[in-house]
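Reading through the structure tokens given below for one structure.
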């Protein structure tokens, strides 16, 4: 009965505090993150109902993943539990110029990577949904996950649920050739594509003189309802510029560019997806979608963890031009 | 017997570490802060004697407030203790652009907000003092606090103690109309007014083409011995510019503008008051007052907590042009 | 649609780490706790569906309370949100013999204490429930809370939902006379009474030569379906003995006495309620109820926070005689 | 103008958290401690005025020592400040049976150890005092400290201030022969001797069949107004038994023996001194002195740090038989 | 050139602080542990040279494992590095009665579990060694690890290096039947067997009326130079009794039984092995071996982490009867 | 047998977390640092063998210093152990503009400062080495350390080991005149001089219009094989520019200038030395030396502690132009 249903991996995220390198740390901060997990929570925090579909082990880490999802009111009733596999982990080191932040995956053989077609009751999970969202990461996890990924897209179409996909290419998980083959298939189910210039080039070999042209070429090749392209400029590790454009019905929509001071940029793109989906699905307003997407995402950079703990009021205030003074 | 006596609320301040949002935090850092508490301590750290007058409950939080005051040698013998009420709290979230820092008050019905006229032995507390300092916040706490605030000003005048007031408008505590009524009354007792352009506009509806003109208009309306106006420019949440001017005897005094990297900006203005009062009261030197006020305050931004733990030697070094190299 | 619905206050709980006194601490651990919150979560963790009804402010602390409830899958759709009031707080100091642990409430004027009759849609909240659970604390919060408490009992009866009440006398909240008057009224709606010898004596002036006799006298006066009495023996602050008895249909049921090493005893009684309700409601087996109640509760003492993070497998292992060796 | 004046060293105390060994630790908890510092604070917390005399460097650690003293209202106006020397440090490792807790001193050449006769204005410091307290540790710090120690005793006598001395033998600081020579001299100024059987034997070679006999022999040799002997029984590192006796006017006074769960036993003896002095000086009641001394000290074992953060109300409750139940 | 060479897995150990359950924790303490790693370090800390052979990935966790070994002076020049596999992890939850501590392995497909026969240059690694030590855990990791385990034993025999084996049965890694088959083969290379009654029964189906008889039966079946059996009695989760016996040349050697307060019992048995090997290898003194083994091991229970940070002086003091008083 | 041997002091470094001032902190982070310690570790992490020579007390802090050296594979077999003296300490406060970071030494009478000529077996320590490295700090520690410093240089020459010296003037340890006298003597043994414009001016009174001229003048006066001059520009406390030049055979070598975001700048210069020595000694390539030196050093600024935990792969990536995007 959720408005938005997402499907993918959530990992336990372990990060050394205070810019320590993993090799030197005596403690790790524990959080949970993952692209589709982040989107499901973002949408829920903004006020729509959402559900997250994944596969987790029946152990403390599997329960932690589900707890951290439910905490924000996201429905987890279609999560698949298994006594077999492990929870995926990722280690995150925070950088400072000229050392970029760094992700070290320990997600091999995670429960969700071993999901098989048929394990999720998609008809029930998607019943009544407005939108189904997943990303290239889910497909990249393993050959069986790829099948389950394609199955989920078919099921969404069968259930007349709109599909949004974040291309999200991860070089550590599969090759560009593998991604191209699978994601090209996926595109035929896709209504809304969310991506970056770089991923577009790596997965589809599409380039353009600017990201507007890239959006148009994507639309031309695959015929999407809407393309959303995010743009990050790395002024330094601690300061980025951040914006996005949307292409819809031949028209390009733009919004403000934010200069962000970075506490934690992981999940920034996912917040953009969540904010956009919220704004766009509420009343089909592309401009509101992109305004809220980029603002919600800019706010995310100031919050530790993958999850965006900001509120609709804060997004509204920022979109409305709220300043940097202390609020009291 | 203290040189400077201040009067107001000190709250237990609870802030999530490491830029966590309050909603997500697993721990809180505990400190104590409050405008007049900050000034009393600042003055004491710079080398004058000071006393703080407030009202606190006889419980661990009330004792903590008094402990943290005495720690810096501030006299607390005129603090009013009560078995009834609670200690005021405030929660502080640290931001990063574009998310400003945020204060959430939980100070309603605090012990000091329930103070009544006549509870403080002002003649004893002010005996031998050179200056009495309070702020608009004390007046804003409650109707009875407003009476006690005005009583304190009268008592200062009766005891021939100079009065400085920080206008400090807090929209979460009272309306602009309430503030205007009460603070206009207070101005007739005021020798030194410390404020900002914004607060002047909100409380007294006085505006000017620059803050020099604002200072002159304030002087013209109320006839102060001295007006001190601080100016903050928010380059970003982590970087501000900070300076002040003073108007005295028709002359405007200026000082250096500092670009500050912000660890914790709360209490920055109070450090400016403390540094100014120290410099000015020592030998009536307005220029020294403003130099020390702004330097002490610039240093405050680099120190966690409301309290300015810097030393007179550090202020001297900074006023003297000390650089940014590591000192060793 | 929850099996068990509970009603009461959940507070943000702030405790100094490492046995620090509140007065001396530099940090506070942040958790959420409260009698009926604890029971709702306990029941959910053991495998039944549950819902929690309370009233919270729309601020970070209010959201935290709801998040921490939802985290365990407890339904919060009937929580009442308000823009007015504050979240209740409590400070907890951990002791060591001969210094007992200590609770300092700062819960006055909390959102739930200001609830009024009619604010909760009880017919919806109780629809399909097997049991409604609340405690004397809810009644003690304020006169309007007392009315809402009695209303909830009436509604439960109207909806043919079984009622369990934990007497839970709190001397800091109301007098014995007030408690006696209100709780005597409440008893006529009560099917299952959960209490201690001490509370029985203070609230109903009922005493006996042992707690079996107390249970019988309670039954004789009020005619309950079942009385559960817990017994704690304080060997020291860090070591307690813990057990309970149940009286049902004239028969007394007993279970093992555990010697517990205490990490955090707060919520121990609530875990006993949850374990008992789970065991008893599942198949009407009083012996299983008391076995699971006392075992789940014994485990609680080893877990930090009000919430019992243990699992049904761990209860099963303990009830089945599992030992103290490290499990690997 | 303080009732009680104490004289000695306060060190910055650095202890690894969570039972870590110093060699392995990544963080250190920072506190301040020292025998006479502890007594001055203990007396102040119980309600008498007190002052602490020491010598500290004008650096952050010196200021920290003074801050932590003033925090409890102890007067520090006779502290000697120096630009030369360092602050003494001690490292404390917490043990668990069979590994005892362990103190590693790094106090050589501390500011107080380099104090010289004549640096303190004793006539001013002792003016109006009821009692002067110091310990064998002060004498043990260095030859010049020894002279300053004897000077302080003479000054106390000249000012007709009663003298209490804690024998406090520290084998790491001086030999038994050195201690015997110096402390025998000191005894002629001593009205109240506080000690243990073991220290008495090591310093004065006095032994007895029990500690009553030891007290009598001490009295016979030196003719004190009062002898207080504390007794600790180490059941384990985490559990001790703790009591004391006093001999006064030929009569032996006893009190309850406490079994304590040990959070931090450092400063336990000093709390006994403080509690005793408070009880005895208030109205000359030896029994109250020893009751309060042992109770205040028993409570100290439950509090982290050298300082006893308990309150007179808690002592009263314990002396009155208060139990181990959580207080709420 | 090391006196003692050990071979096995070292894992990154992640444990929630302050008795938190893994499911609820916000941080994890990071350490390294593993049976043979612990023994190599223990022996080195007591004063003999040692080397550790394992296989680790060339990533931060692999480097951390090697760093933490080298830190104590253990030679790591024969560690096998791989770009392929992962570092094994284990999660450790600390318990309190009646909840035992709990280990959750995430060590599948670790680098060492994928070691193959022939990867280690055993002739070089064992050159000049007095003793080679490994345990049943190494054999249990995988079929290829089993082959590498047996190869190491053969190589030790070829190089005339004495062999000690800790039986260390881990039910989570292999079945009793698998263990019996492999370990029976291993016994023919074994000079010194270190085990417990329980493991003997599970692996070899040998039982006896007491552990002396078990030692004799082991000796009778396999003809060892020496059998060491450790005995733990779980008084509670926080208090154990701990001792051992050795059988050598038909004679049984006993030592003191320690009652230990448990900070961290993991690695306790390995410390016993290390202490025993140190004492026994130094001058063939079985009594010294067992005295040092049990004392070093008793001390280990008081130290956080797998590694025993105690010193030879501390063992000497304990064996010599040192008490529980604070050392200062 | 180490390629590079360094000689100097390593101190236990204690720093308040989170920008706290030392005076206000409740905890200290514990690390180890010191110029030559940093260089020995840097060289080892990049892949050459190294050894560190120092003198430490046989206590937990002395062992910690050696542990933290060995952790990175640095040979410590020529460290001198003493039962007498103390470990040097330094306190480090992190600043934010306009407050610079600050070092407070407590290193007086440290074990290494009391080293005497003849205590180190230099012939053994230097056997087979390619380079010996030390700095002006070692000479500045005490008169006897100065003799040991000059002895080490003689021994290096006798053993035909190339010598590099970092001038490293520390005003808190000796006067410019003392430094000039001693370092002028030292220069005749020096093959590679590493320094800054400022130190050159203070110690040798050599100035120039730019740092190229300074390098040439140094070469002209002392005739070095190579001069390396580092240049730091303090944009703010959190942002610096950083580069270096080398003069060799009359030719000036330059490299990229990095803008660094500063997590911890202590040890930045030492990383430059280590990176340079690694690059230069490997194959005599000055350009590689300076490229690696400045890149390794730029990375150091992003890592907490004196030690540079970065890897050769990270240096290679940065020298090769790697960007600021998160790596995943």
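As written, the chain order gives the labels A, B, C, D, E and F, with residue 1 at the start of each chain.
Definition applied: contacts are C-beta pairs under 8 Å (C-beta built on N, C-alpha and C of every residue); 3 or more make two chains touch, one makes a residue touch a chain.
This structure is a prediction, so every number in the text was calculated from the model and none was measured.
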Overlay chain E and chain F by their C-alpha atoms and let me know the rotation angle in degrees, rounded to the nearest 5.
180
Could you work out which chain's C-alpha centre is the most distant one from the centre of chain F?
C
At the place where copies chain D and chain E touch, is the share of residue numbers found on both sides over half (same) or under half (different)?
different
Go ahead and note the Å separation of the Cα centroids belonging to chain A and chain F.
45
Report, in whole Å, the distance between the mean C-alpha point of chain B and the mean C-alpha point of chain E.
61
Residue numbers in chain B touching two or more further chains are 17, 21, 23-24, 26, 67
Where on chain B does chain C make contact in their complex?
14, 17, 21-30, 59-61, 63-64, 67, 86, 89, 91, 104, 106, 108-109
Looking at the complex, which residues from chain B come into contact with chain A?
18-21, 23-24, 95-103, 105, 170, 172, 234, 236-238, 265-266
Residue numbers of chain E touching chain F in their complex, please.
67-68, 70-73, 76
Can you list the chain B residues touching chain F in their complex?
17, 258-264, 298-299, 301-305, 307, 309-310, 314, 318, 322-328
